[in-house]
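Alright, structures below, take your time with them.
The two complexes that follow have subunit A in common; it is paired with subunit B in the first and with subunit C in the second.
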Partner chain A sequence: MSVQVRARRRHGGALVVAVLGILAAATACSAPGAPQAQGTAGSSAAPATPAAAATSAAAACGTAPVTMDAYIETGFQVPNSLMAEFTRQYPNVKWNIRQDQFAVITQNAPRVLASDPPDIMRLPSISDLVKDGLLKNLDGYATAYGWDKWPSSELVQLRLGPGGRPRGEGSLYAMGLNYSMTGVFYNKKLAARIGMTSAPATLAGLDQDLAKAKQAGITPIVQFNGGATGGFAFPLQDLMASYGPPGPINDWIFNKPGATIDTPANLQAVQHLTQWIKAGYFEADANAMDYPTMISRFTHNSGLFTFDGDWESGNFDKLMPGQAGFFLMPPAQAGGPHAAMSAPLTYGIAAKAKHADCAAFFLNWVATNPVARTIDVQVGGSHPLGATGASMPAIKPGTVTAQTLAAGSVISKENGSMDFIANATGAIYASAWTPELQKLFAGKETPSGLLSTVQSDYKQELGG
Partner chain B sequence: MIGSRREAIIGRALLILLMAFTILPFVSLFTTALQPSGTYPPGLEWPAHPQWGNFTQAFKAAQMGRLLESSALIVAGVVPVSVLIATMAGFAIGHLRMPGSRLVFLLFLVGLTLPFEGVITPLYYEIQGMGLLNTQWAIILPLIGLFMPFSVYWMRAHFVTAPAELTDAARTDGVNTWQLFWRIHVPLARPAISSLTILLFLWTWNQFLLAIVLVDDPTKRTMAGALGAFQGQWGTNIPLLCAGSLIILVPTLLVFLAFQRHFVVALLQGSLKG
Partner chain C sequence: MAPALGMYGLFVLRPLALTVQYSLYQWDGIGPSTWAGLSNYATVLSDPALLAIIGNAFKLIVSFSVVPVLLGLAVAVVIRRISASRLALTARTVLFLPQVIPLVAAGIAWSWLLSSTGVANQFLSAIGLGGITRAWLGDFSTALPAVGLIGAWVLVGLCTVLLMSGMTKVDPSLYEAARIDGAGLWREFTAVTLPSIRQEIAVCVTVTVIAALASFDIVYISTQGGPGEATMVPGLEIYELAFSHRQVGLASALAVVLIVVVLACVLPIQRLARKGGER
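And then the complex of A and B:
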């Protein structure tokens, strides 16, 4: 069956690529015709600044019946559950929910925001949307609701300079419903067989566990690296964070002037990954493995570790109850700080939204209301946003969800969150990371060659 | 005699092999569709507890009832009109050869080289100007136009081979052009018409690009978009995706079976006349 599904997906991919081109053209055409939008969002001095009183439900959403337009992704239950609960608490607010595949949302985002603006919408990468003045500047709401008092790393990826670049500083243009986080999952049954009783505290400890698994005839790491998405970017970025601080990696992803990926620490990381490859820690068909195959193999006990994100926590708890464990990538030096790729589940408000105040109130409610936070964790398995001491729902101890949530607090405290290196530019994942990582696995690329190729592609894309 | 028997055996064996080759993906699609929802099945295996409910669940989750309605509406709007216009145009260009027919045919040939992707941006603005965005008309009208080059080409190919003697005889009997078309040539063109109908039906049914660009409301699009309901940014609900694929496949299969006899006749006709 996987043949069938893969064929379908490839077909979809081709379509998506086609649409991408078209929509790039469409937005280019629409830019001159949309001076209005540019006017409102371009002048960052005039964001919607609700008075302090507007932070109450009555002021933001009114008391008369109101229908909010929402445009969200399919295959993901959290927003639907949150909106239903919101209506239960504020019965005058109803939702008109449109759902599309995430890939379709990615392609349609500029067009929908310009011609049919939703009040609240699931967003792909936001730089270009901000450049075109399609998203509401949320600074006013951030001040009124106190989002600026939260750990800064939670929302830093959604801040942009004027004109959409660089990212990581400036005004807030989107919010998260929660944030997801990555690390290392392990199979407890197989861990017991090699005598691994606790998560490794250092990179050297992880290396030892990998070697023991290899000796015991267990596949040490199940990791996909096939198709258009090179999954080795997960272990690679974890290794980067193990060898160096996350700051410079974020600067590179956020396109800060002068940032480079080709640093000595990152070279060590790629060399380390190459050692793992040479030692045979990955499956021989990693370059042909897609994401669902990886999940299938990991949940069927055919590998000790997998580098993945907490969006799978709920799934693992269901498919292999009590058998999955999680730890953050251990630092190279004992006692060093942890870092992890972490990203908010991005939602925004259209610049021309009719009910922007109510949408902002909803976003704040998601992060602060105890019931909403419980939904976030129990339905989504990811960490809610919000202030450090905010209420957390009780989670069954021993589940992998409990472990990923606890890890989220560690990252938040150590300010160790990084965006994903694949998000640095629109095409860097498909055009540089994926082919380079596939070549590295096949032994046809050197560690330094990988970094210099990615860096030159990066420069070319930003310059162009 | 012996040779021909051996030939028959080898021929049957090859056919069976090819059939197995064709049917295998569908078998695995079917067994996977019966695995528990949300799991990642390892490969071809009959599930311990077949989940027949997956089909109902997939139908509901993807709002297939509404999509079926919308798809049927779009097909009803596109296919009969396209077939009618293409048959008339093919008759005029291929058989009547009105003045300038070669130039008109050449223009259609140029249209054949035009990819949908190339015209979608102007189409968007045109549909917007007509105020038809987000309605099924936004899919129906462009599709009729976009199908024309191929359909006219297809019908012309049929009418070009229609014997001129038939027309001469009919003319002698005093029929006018309309009667000649409707009473004599359309009945003869039935194989070509029904195969064109099947093709246009399939292309309309599977139309995805126009649907996602021109219609914002997913429930007003075509069935092809329904599978998206099982694909999230990260995870894909593979059993439901397979169940959904099978459901989507059923109407096309029914249409094919209904037109199959004509379709086969059309195929054979080509091979005999060649």
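And then the complex of A and C:
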């Protein structure tokens, strides 16, 4: 009634009526999203089974010209080099490559996979994508190519239960191009200045090196913590692994029922990080520093340590040859086991991909072809996937790449691999870890407050 | 008329209606959705974190709206007085330049200027204020004012040009009459200039208040809402909720609330200006 009165009185009232009309029309439709989801969920529930003998190139990719749609991450050369080499070996396969920053891929992934499905794509956290039926179930390929005979720890992070949870068990929904690992890089020139001749064997030893650097006027740790990605998660998770076993941390990341991040060992880790902050071991502008700035500062000798991953090994060997060293985060007790965040460089196949067989053949080729494995190590700096005892390319001794690869075998021997705490849910990094770590650095959050906030955000996300 | 209305309906009204519809569901953007009634709105209006984000938008009104309008008035008056000189043209061009530069580029340039080794800190160190240098966009207490500074820089030129164009319309005989009556510069400004450009001021205030409440690009480029949530604004939070958290319903509810807040702020300004004009 009031709408009619207003419409008569004012010209603009017609607009109100139009809005209400369209609104009524829109809301009269079905709930958003429902029909589409039914269509996609069915198509990926069953494992992909390649046609008989599809494990040959001719069967998987054909002999006629084919163009593969790839969606990859900007700033990392490995996929481009691998795809170029693949085309050299199989000239009928060409690539249509689209590149974006990882943050953009994270936000676009569900819509791209649903409406413009690439054959092969760099993937963020995959639980929600599996829940929506957007990724191809790779169990069939795994059996056909023998991926299930590889060390199970290599692909465990890419296995999911029905409906996407928990992670770490169930069907295989993605593959890796290689297997990256994190630890502590150091600048050998600055290390010599403080008399650091070998990598610290315990956390106390690392503390001593940090104190010595501070006294010598050297920035002890160059670590980014700005923008939407709190890089203090790297030292924090390393400290967690010093104080406690990686198992409970993995359970939390894999969304096992009842898992919590708010444990006494993790509290010790956050308290230790707080001590480092209070001692002034980080740069004063850490909360405004982004990742490229951190790399630039470390390679320009402005800090002793940086907590990062082996994907930078090749870069460091090029930018500061012979000057970068690497060690795994030392345990709290002498002789204790080592642990490190390590994860496959995750790539998957869209449930509705047009050339799924060829994409799977490519993924298998990356792990088994000697040239591809060499590219993985020399360009990417990371360990190739594949069966134990598969060929390893020769690495120049003394390079940081050689050191990170050697550290990788320590981690697999000691079973110390963890996924990244930022990957526990789709939004936990941006919504909880990053702001909380920025507050911790600014002295606006307590160690126990940080853990309880992250845990409550985690529960809220998993519940919703 | 009909094609225009069709376009308007397709690209403005339909998305608006869909936003309202989505706000009543829990939906991740792809999978099935569940009816949520008004619970998303209850969350927006009761979650202290979300209310703090809306509060940030109101704080930005000071630097996005109050400062540019006052500064724009002062500059416009000065430029009008020296309108014959070449300096006036230069000043006008320089001040309007931020409107031509894409906001993304401006945000990147300013984040360099305000970084720990940027020009701002170099200048402060040079004049002996090295003690207060900091990463302005990475410090909890200065990040929001620093974002506000970028906004003020962008909007002061727009206000200046708008207000100046209003002043050129004023009948010169009014100024002459005021001067004959013995009015000084200040009296001339309050008695002749201000009442004559009332409409232009209203436009300036409206545009800048909307820019403050619906800000996105400057914040996205310079701080991404950090450190912590110190510079998080509704526009960026809507984007984060929809595309990172995949809570399309909650994001839509916040968007609808933002529309209502903007209208509640802007409509009274319009009414005030219209009443004044009728008098």
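Throughout what follows, the second predicted complex is superposed on the first by the 407 of 464 C-alpha atoms of A that agree within 3 Å, B and C clash if a C-alpha of one lies under 4 Å from a C-alpha of the other, contacts with A are read in each partner's own complex, and residues count from 1 in each chain.
The rule is simple: a contact is a pair of C-beta atoms (placed from the backbone, for glycine too) under 8 Å apart; a residue touches a chain by one contact, two chains touch by 3 or more.
The model shown is predicted, which means the values in this text are computed figures rather than measured ones.
A.B. asks: Should A:Q107 be classified as contacting the first partner (subunit B), the second (subunit C), both, or neither?
C.D. replies: Both partners, subunit B and subunit C.
A.B. asks: After superposition on the shared chain, which partner residues are touched by A:C358: those of subunit B (first), subunit C (second), both, or neither?
C.D. replies: The answer is neither, since A:C358 touches no partner chain.
A.B. asks: If you stack the two complexes on chain A, which partner ends up touching A:T299: first (subunit B), second (subunit C), both, or neither?
C.D. replies: first
A.B. asks: Under the stated touch criterion, which partner chain does A:A427 make contact with: subunit B (first), subunit C (second), both, or neither?
C.D. replies: second
A.B. asks: On the A-aligned overlay, A:L134 touches which partner chain: subunit B = first, subunit C = second, or both, or neither?
C.D. replies: The second partner, subunit C, only.
A.B. asks: Following superposition on chain A, which residues of subunit A contact subunit B and also contact subunit C?
C.D. replies: Subunit A residues touching both partners: 18-19, 22-23, 25-26, 29, 107-108, 111.
A.B. asks: Quick one: which bits of subunit A touch subunit B in the complex? Just the residue numbers, please.
C.D. replies: 1-5, 8, 15, 18-19, 21-23, 25-26, 29, 73-76, 98-104, 107-108, 111-112, 115-116, 291-293, 295-297, 299-300, 309, 311-312, 315, 318-319
A.B. asks: Hey, which residues of subunit A end up touching subunit C in the complex?
C.D. replies: Listed in rising order, the residues are 18-19, 22-23, 25-27, 29, 31-34, 36-38, 40-41, 106-108, 110-111, 114, 128, 131-132, 134, 226-228, 283-289, 426-427, 430-431, 434-436, 438-439, 441-442, 444, 461, 464.
A.B. asks: Help me check something: in the complex, which residues belonging to subunit B touch subunit A?
C.D. replies: So the residues of subunit B touching subunit A come out as 25, 28-29, 31-32, 38-44, 117, 120-121, 124-125, 128, 133-134, 208-209, 212-213, 216-218, 225, 227-238, 241-242, 245.
A.B. asks: Could you list, by residue number, the parts of subunit C that touch subunit A in their complex?
C.D. replies: Within the complex, subunit C touches subunit A at residues 9, 13-14, 16-18, 20-22, 24-35, 115-116, 134-140, 223-229, 240, 243-248.
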